[in-house]
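Next come two complexes built around chain A: one with chain B, the other with chain C.
Right after this comes the complex of A and B.
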């Protein structure tokens, strides 16, 4: 795993050396700023409510979660596979898992940077005389970053499947949407209350788990494990796909 | 250093390589030769740990490429044909990335990076963005990246493709230099590169080893026929000239190409350089020479022969001496495409050569009164023993 940090550094540099990360950050910050000011005016100046709505409570938050990670990760394997750089990486003395984890850490870091921009709004509100409730804001940023990690891992797994970045992004958006819509399966397959399938789907609900902890300013280890397991699953999937590519 | 046994790789029903057996000793420089699609890159990718083999085994520096892949990757420098480099990085950033991947200490990397860039002839472009480099410069950076961890084995896939003639010459001298410190497996379909750099050649065709050995042995064993071309003013009696030429020992069926201007053109097939004999005959007969050349078959002809006519032209063969121990066991003799390049260990002693007929211009050779226009018959000089493996 010694190569994880090396890959992480390279990927982070690669993201910021290309215009993609800058454009995404720029657009996302403009988007964030617009919606935050909209929410503040909607809640008639209640900054706390606006933050809660902004970090997980609104559809725009989940829309960004679904859209942005695929755009960040779409090139990470597909482009490298197309240009042949993947051959260099996969013949370097690092494991496939280290390659995936390094890339995941870089993409998640950019998403973390994006979400931490919310802190600027908090500081602005404080400077203007309305001190916000900091714990839900900080836990919300941490939670948003953790959720982003899951969707970045999905994006990586999809990117490892194809040599076309745009196709990777499109498929990853679909996969992310499907993941968020997983609890809706319950409505498609009617089950009696207390049925194991219903319980399993309830536990696998990412939105519910997010609101159970991070939205209320609580850092619960159960939610850390929950998001960690989901991310781990997709990291495992991406690693296996990379390994399977060698046989294609 | 590299041992390959029964290596096979299939893509679906198609076998890219099939039942390859070869080995490289430490410090050997071996050229992988073959037409496009012969399986060169596939073999190299397997050796580099990028592709798994369908069956068979490959050991690099004593480690199995499949089961001990990381150990193998630590010991090789691999340059794929596409020269994969991060276009957005500077050359030295790419070198630092490679140093970190190989776990090199900072102090070591700091001294080694400029040294390797210097060796690859790209040190003056160390701050350049890779995306802005020419193909030749990228190729040099690729070699520098492969060389950085000072690998025991260098696997270079088509390192000269896409280069202009000058860059190719420079690359050739660099490769020759690398061969002094590393075991090098180098692939190319550009024959002069292989001829210039690699003492030993492995020819692949349709996923199988068609030949393995030094250039000389390959040409000898594959029936490469040299010939002496003579253009001379032999006078009206061409039949006599033909008879005299035929009397030279070692000359095969002479081709009379007729007159070109006032000179007559002959081609004398022979296994060795008979220019001195022919020249002496011409001088003794007073033939005015316009051309007397020895034309040897090139690796290119051999390559064409293997690539185009293999099933018909090549003799059914035995495994190579170098691969005797790893000879495939389930294939029939007819399926084997290997060419016997080394003398059999238990081969019967050769029959003593008959006396040679020589035309000598030396008036003191055989007595000053000797008629120089008549051939002189001498016993062959004792043949020096052939080197094993030659």
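Right after this comes the complex of A and C.
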């Protein structure tokens, strides 16, 4: 796993030396800023409500979560595969898992940077005389980064499947949307209360899991395990796909 | 036979690739199962660790409420039927709904194995109507907690929140006086967690109202249905078949007897009450049965409650700002506001929610000298001061006209509640641990108030009465979760403008500048 950090640095440098990350961050921050101001105004200055709504309560948050990670991860394998760099990477003295983890860490870091902009909003509110309740904001940022990690992992798995970055982004957006919409299956397949299928879908509800913990200012081992395990699953999937490419 | 093999790619044949694909698929499926299992295990209460980081602990329930939910023997279903409250209480209603939803969210999140919360979308009329019919409720803005066949209904602006109505004349808007969702939920769960079905026995054989008929306006079928739906077991006591009052009877109800009880029956009823039994007496509307030996009124007199002759009446508005008398409608007293006793569990919630109780053909009560020792007698419902006690004329009924020479002016007590320690109790105080066995009597001046016709209006009063009599009025006092608002003054200052500048000017701008500088440096 010593290669993870090397890959991480390489990917991070690649992202921040290309215009993509900057453009994405700039647009996303303007979008976030606009909506945060709107929420403060809507809640008549209640910054606690505005932060809670901004970090998970609103649809704009989930829209960002669905759209941004695929845009960050779309090139990570598909572009390298298209240009032939991937062959070198896979024959380098690092494991496939280290490659995937390094890239995931880089994409998640960018998302983390985006979400930590909320702290600047908090500082601004404090400077304006209304100190927010900081722990829920920090937990919200941590949670948003963990949620982003799942979607980045999905993006990586999809990127490993194709040689076309745009196709990878498109498929990853679809996959992310499907992942978020998974609990809606419950409405399509009516099941009695307490049915295992309903329970399973309930457990797989990312939105509820996020609201129940980080978004509300709670650190709960259950949600740490949930987000960690499912990120791990998609990392595992991406690694297997990468490995299968050698034989395909 | 010649078998044509597909040319291999990179030295690996088709079947090998299929086999690898199958293995990858299998491993991924196993990983998904493993992930699901881990997620499930992590949600088990014994394996969870949880820290509420908020300054006021808004994600943590009060210990009492938490302990109550944790100790529930089975899962409780919470059905939420919220829709916007009519003006002028729309904003206050929305605030109360939002806080209740937040409370339920925290409770469900903290105890997922104990609570199932279903928030109904009232725009889906047919689906909601089915569930409402199943639960036997007819109004919205309620939260219904059910466990097995037992249920408790919490009303938004009565049990969950208390509202200060404001003053339209002074442009003072209604506001949320207090949010009591925790307490209401705690008391409801306490009631659901106790597996008991108190038995109410209605006396029969003396011309009382029919307990099973739901059609005729004066019978009690709807009352019975409401009691059953509230978790009671209703029964009839016919002393000609079973001389003794059944041992498991919690409440004995006498509603509008037209014939007197025998001395033996009266003695058994008095003994039942004095030994800690509970009694509801809705006095007789029959002139011939009033006040005779063995009548319901004589029975009440044994407990220090005197029933006055005649029916209480009051003038009705004539539509031109004046009052009219001499009409049949004068015989229906509507009790509201300060005429509902705020200090008694039966009427407290009704008084706070500005409910009304309608009492057709109501008799008046007064405290008589000889009350049981250490008893507490409270007027539950009082008539308005405009009322008078309309005495029967020669035809047996009143004329609904006030005759100041013969008839007494109001106000009058129309329902009374009495509590006293049972005879021979060592703890001879009304409010002690012996209260579990304390005798309780409710005298109701109007049996018509419990009838099929009037039950829609008086349902809460009727259920509160039987719950108090059956001692299902256990009260928990639960501290409301702290509620804190940190508000930026966005109206009278430039705070929002400055926040806008930082949020969607300075911050994205600085990232754009940084990206531009990096791009410029790389180009050089």
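Following the convention adopted for this analysis, the second predicted complex is superposed on the first by the 248 of 248 C-alpha atoms of A that agree within 3 Å, B and C clash if a C-alpha of one lies under 4 Å from a C-alpha of the other, contacts with A are read in each partner's own complex, and residues count from 1 in each chain.
What we mean here is this: a residue touches a chain if its C-beta (ideal position, glycine included) is under 8 Å from a C-beta of that chain, and two chains touch if they have at least 3 such contacts.
All values derive from a computational prediction rather than experimental measurement.
Once the two complexes are overlaid on the shared chain, A:211 sits against chain C while remaining clear of chain B. By the touch criterion defined above, A:222 reaches chain C but does not reach chain B. By the touch criterion defined above, A:25 lies against chain C but remains apart from chain B after alignment on the C-alpha atoms of chain A. By the touch criterion stated above, A:17 is placed in contact with chain B and with chain C alike.
When both complexes are overlaid on chain A, the residue A:247 reaches chain B and chain C alike.
When the two structures are aligned on the shared chain, A:128 is found in touch with chain C, with no touch to chain B. In the superposition on chain A, A:197 contacts neither chain B nor chain C. For chain A, the partner that touches more of its residues is C, with chain B and chain C as the two candidates. Residues 17, 247 of chain A contact both chain B in one complex and chain C in the other. For chain C in complex with chain A, the residues that touch the partner chain are 9-10, 12, 16-17, 20-21, 24, 27-28, 31-32, 35-36, 38-43, 47-55, 58-59, 77, 105-106, 109, 116, 484-491, 495-496, 498-500, 502-505, 507-508, 511-512, 514-516, 518-519, 522.
Contact residues of chain A toward chain B in the complex are 2-3, 6, 9-10, 13-14, 17-18, 83-88, 90-95, 246-247. Chain B makes touch with chain A in their complex at residues 45, 48-52, 70, 73-74, 76, 78, 80, 82-89, 93, 97-98, 100-103, 145.
For chain A in complex with chain C, the residues that touch the partner chain are 16-17, 19, 21-23, 25-27, 29-30, 32-34, 36-37, 40-41, 44-49, 117, 120-121, 124-125, 128-133, 135-136, 138-139, 193, 200, 203-204, 211-213, 216-222, 225-226, 229-230, 232-233, 236-237, 240-241, 243-244, 247-248.
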